[in-house]
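Heads up, the next two complexes both have chain A, just with different partners, chain B and then chain C.
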Partner chain A sequence: MQNLKKYLFRWEGALVVVLIAQILIFGMLNPRFLNLDRLISSSSDFVYLGIIALPLAIVMMTGGIDISIGSMVSLTAIVTGVCFSNGLNIWLAAFIGILAALVAGVINAALILSTGANPMVITLGTQFLFAGMAIGISGLANVSAFEGISGMPDSFVQISNGDIAGIPNMLIIFAVIAGVFAFILHGTTFGRQARLLGANPKAATYAGFPIRRVTYLAYGLTALGSGITGVLMTSYVASARADIGAQVLLPVLTLVVIGGVSMYGGEGTIVGVVIATFVIGYLQQGLRFSGLSESEVSVATGAALVLVASLRWWTHHVAERIKNQKVKKQAATPRPQAAPVASS
Partner chain B sequence: MIKHILKSRESITVIGALGFIAIIGIAQPSFVAFSNLARVANSTVILALLTAGVAVVIITRNIDVSVGSTMALSGIVAGLLLKNGMPIPLVVLLTLVLGAALGAINGIGVSIGRVPSIVMTLGTLGAYRGISFMITGGHSVENIPSQYKKAGTATLLGIPVFVWMTIVILVVLGFVLAKTSFGRKIYATGDNIQGAHLIGVPTKTMTVTAFAASGLFASMAALVFLAQIGSISNQAGMGIEMRAIAAAVIGGVALTGGVGTILGASFGALFITTATSSLSFLGVPGFWSDMVIGAILLIALFADSQVGKRMERKRLEARYQRAKTVPQEISNDPVNAGGAL
Partner chain C sequence: MKIASKLAAAAAVLALTAACSSTDGGEAGSNKVAFIPKLTGVGFFESGGAGAVEAGKKYELDVEYVGSPEGSVAKQVELINTQVQQGVGAIIVSSVSPDGLCQALKKAMDQGVKVLTWDSDTNPECRSHYISQGTADQLGSLLVEMGAEDYSKDEAVKVAFHYSSPTVTDQNQWAEVAKSIIGKETKWEIVDTVFSENQTELAVQQAEALLNANPDLKIIFCPDANALPGTAQALENLGRKDVTVVGFSTPNVMAPYVENGTIDRFALWDVTKQGELSVAVAKKLLDGEELNVGDKFDVDGFGSVEVSPNSVQGYDYEADGNGIILMPERVVFTADNIKDFDF
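Here is the complex of A and B:
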């Protein structure tokens, strides 16, 4: 357990080092990148992904996964947009949108629990279902697929685009949500149970864990994160579209995996995901600043994802190997050395 | 016993797909007209090929979400080669090799790089798509030589040639998986990778081969795409990977590995294509198609779990029945009672 902790600590430490190093390197390549104001204000371009990555990290710690996050983002956006275009107050509309995502999350958890099927296939099914609903709703409301629903009041658009004392609202929202999730995962019984459920589901079952409650909460929180992101993205681009979340899955999973959350459950921290959000966000920005095209950036990000995931297994493996060899060497050393230890 | 369940599982998909066609046919007789059925079969080809490849990967207990990008990349390369006047057979060969290589990269990452397959293939999903953007600079590849496009409209006995070819390829693949020792090794790898390793199955080779097969089938789909559509953009096949996985799962391929057949997966693909293409015949707007796919998939999963639960209960009941009929003196003996159970 201590080794695991040390290892995790090292992982987050390594992420911080990478973050600082890459900002410095990109700063050297292009001094404009190193502007602190710019660094802070441009964080709005990516922190909304972190808002889904945080609860998704919890789901993955329970050993599950949620493929339907992008569809829930779209669903929230279009429900919000349609409610608004039908004359509802924008805040009430956003609330209903988030509520729709929550219902979607509850459906996910209920289906996973009732069928006992792999969460990946269930959420693959609901991914189609929710995305289809979003497209269907926008079709029924005669929303143009290209333009979406726009004309939101300025106060709503300012949630994502405004700032308080120079710090963008989006960053503040992200910080608050990260704090809440850090508390939920590391400071509550639910967090503990979620992690242990992922580490050893059989033991969790026999220990009488409230597996149903943990599952509902984990997927519900992910839906909530997706809903909030749906509203934030709608506000950011000032338009509600049915396909706004179509490209969310890949970057969010990248954040979670690079943040050090194991695909097999039981491992990971909120801090890791938060740092990974900035590592990936600034990596992509820095690459763009260095003159790479959008497609080159996506190739680089994909390569980074694969490389990090591979390195994670191999560093762990090699560390275990070295440790084992040390133990073997100790065992092989002549008795006189070992004897005093045994007697003391 | 397991074989029996499997057999019934495929038959559910086959009956479901055919029954669906029959129901639509009753509501809209023009749907089951021969020409329309041939059209549906023709539009199933791409998805069926992708699904077959994905199914092989899923049987090894991995997943491949990169097939859409692999299809786009190999299709773009093939299109450019064709436009440059390279002879068609050579282009086909090179494209298939490229597809297999792209798939093998996934397999090597998973087996040697130890990257979880969803992470690996998500990475290449983005990377391959990015590379195809770089190659074309965002433009689509058009003006494919008409000599090649002719293959897309050629028919044999009224049915497109590609449909015949796909059927033959899928039958061969199904036979290889079900009846050859190589195929059984693929299943063994997915069912129990440690066990397979212990009995001498080269599990890493099997994993790489499965991913290479998936890439190969994606490049076949790309060749069909080029001939049928006559052009290819780097947006081609976006999101189709999820449809392929859904089709495989509807066809009874389990994500837990070691279970499923190409027959089931192919009918899963047919089911999805029929369902989405029947919408217009039923007067339902096309934008509901995603929802229909999701609903079919979830219903299939739900039915699966219900059948599984019922099977389990029957098995338990049979066990209790046997335990009850055991003579008193034996059932009192804990060792023998345990043996009977």
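Here is the complex of A and C:
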């Protein structure tokens, strides 16, 4: 445990170093990049991805995954829009939109638990289901889908576009949500159980963990994150669209993996995902500022993802080998008492 | 502990460097222009971009063609914000949504950036001028007329529509106009409308499925640069010669289908010139001209160009220094003239 913790701290430390280094390098390439006001205000362009990445990190720590996040974002957006266009107060409409996402999350968890199928398969299916529902609802409400639903009051549009003392609202919301999720993962029984369930599902079962409850909560929280993001994005582009979440999935998965969450469950922290949000956000921005085209930015981001994934495997692999060699050496030299084997 | 000290160091470095650089985005007098397509990698937009970049040299503007291959609202907003922060003087954008970009564009205008649209418009209050390829009425009726060359309007034939997506502004407007003309002036029956989301493979599949589901279909309208070649390919795959396919696409892409007789005619405006005209208008605005409705000015290669009111596109909003500039002409391509164009 002690070893693991140290290792994780090092990972997040490395991310911070990368973040600072890239900001400085991009600043040298294009001085306009390095403007504190600009750096802060432009974070609105990407922190909404982090709001889904945080709870998705918890799902992935349990060993699961949720492919349907983008569709839940779209579903929330369109339910909010349709309720609003039918005369409901916008805040009530947004609340109902988030509720719709929560129902979707519960459906995900229920299907995963009742079928025992791989969460990737289940949520891949519900991805199409929820996206189809979003388009269907916009059709039923007789909204011409290509225009989206607009005309929301300024107070609503300002949630994502406004700022308090120069700090964009979106960034403040992200900070609050990150705090909440850090507490949930690191300070509650649910958080511990979620991680241990991912580390060793069999042991968790035999230890009598409430696996159903943990699963419902993890997928429910991810749905909540998607719902909140759906509302924020609707506010950000000041219109509710059935396809707003279509491009969300892969960037969010990238954040979670770069944040140090293991695809196999059991490992990861909220701090890592928060830092990764800024690392990737500013990486893409910086590349654009250096004159790269959008496709080249995608290539660079993909390369970073592959590099990180292999780096994590590689460091783990080397650490393991060194440990093994140590144990072998100890075993080779005769001693009064036996060497402790694999203490952790 | 370690992490805290690292963070503190980071903050210090950031504060220091930020203090050194105090330039603000979007200052007046910048000759940088961002020319933004709906999405990149499509011949149509690439040609528009090439025309704009080329025109930049002529008007001494630093025109950059920047876009994203995925064409989503959030991505376009991000792109616009990034360009404004980099200090462009003007943005010329083909919008993926009529109102989704408004917040970002209004923010840009507040900072003194000139905002124009081309190809696909936003709401008129979110830009100053729209460089239009023609009104929805012009293009919608052009679609119907091209179809009517093969099948008389009095014949009761089945027709269908195939374009990119139910969420795209311009193509839906043309399709709606065409559908209303078909409803009022012809005996044609619209049996289906399918979408292929700008994906080449999907365009062929959708068209094949459409033809298989409606074997007696006579005309397919494809007002999309990707759906048209896809549908033509589907006709070839299925060996159908009795179906008329018309629509909008680029001559280079469609040349093989016209040469082997799969399709007889299709239309488009000269998108390279649309890019050029957009930059010419941006230049006027950057030079401080306001360009009100009714103003006429000469553009090299276009002759006299007039600013039309937003009402030609069906908008209610009118304001000073706000209007629509229509491309003078649209071209119907046939086997006779297709070799004269290269884009």
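What we mean here is this: the second predicted complex is superposed on the first by the 324 of 344 C-alpha atoms of A that agree within 3 Å, B and C clash if a C-alpha of one lies under 4 Å from a C-alpha of the other, contacts with A are read in each partner's own complex, and residues count from 1 in each chain.
Note that in this section contacts are C-beta pairs under 8 Å (C-beta built on N, C-alpha and C of every residue); 3 or more make two chains touch, one makes a residue touch a chain.
Nothing here was measured: the structure is a model prediction, and the numbers come from that model.
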Inquiry  = Let's test your reading of the overlay: on chain A, do chain B and chain C clash or fit side by side?
reply    = clash
Inquiry  = Touch test for A:116: chain B only (first), chain C only (second), both, or neither?
reply    = first
Query = Looking at the overlay, what does A:17 touch: chain B (first), chain C (second), both, or neither?
reply = second
Ask   = Between chain B (first) and chain C (second), which, if any, makes contact with A:236: first, second, both or neither?
value = second
Request  = Have a look at where A:293 lands relative to chain B and chain C in the superposition and call it first, second, both or neither.
outcome  = both
Task = Mind working out whether A:269 is in touch with chain B, chain C, both or neither, as first, second, both or neither?
result = neither
Query = Given the touch rule stated above, what does A:31 touch, chain B (first), chain C (second), both, or neither?
reply = second
Request  = Could you say whether A:303 touches chain B, chain C, both of them, or neither, answering first, second, both or neither?
outcome  = first
Ask   = Can A:150 be said to touch chain B (first), chain C (second), both, or neither?
value = second
Message = Per the definitions at the top, what is the overlap between the chain A residues touching chain B and those touching chain C?
response = 135, 246, 293-295, 298
Key: chain B residues touching chain A - in the complex, by the definition given at the top   = 63, 109, 113-116, 118-120, 122-127, 129-131, 133-134, 239, 242, 245-246, 249, 254-256, 285, 287-295, 297-298, 301-302, 304-305, 308
Remark   = Residue set of chain A touching chain B in the complex reads 65, 67, 111, 114-118, 120-122, 124-133, 135-136, 138-139, 246, 249-250, 253-254, 257, 263-264, 293-299, 301-303, 305-306, 309-310, 313-314, 317
Remark   = Per the touch rule above, chain A residues touching chain C in the complex are 9, 12-13, 16-17, 19-20, 23-24, 27, 30-32, 34-39, 42, 45-46, 135, 144-148, 150, 157, 161, 233, 236-239, 241-244, 246-247, 285, 288-289, 293-295, 298
Interfacial residue positions of chain C with respect to chain A in the complex = 2-3, 6-7, 10, 13-15, 17-18, 20-25, 40-41, 66-70, 72-75, 77-79, 81-82, 85-87, 97-103, 107, 165-169, 172
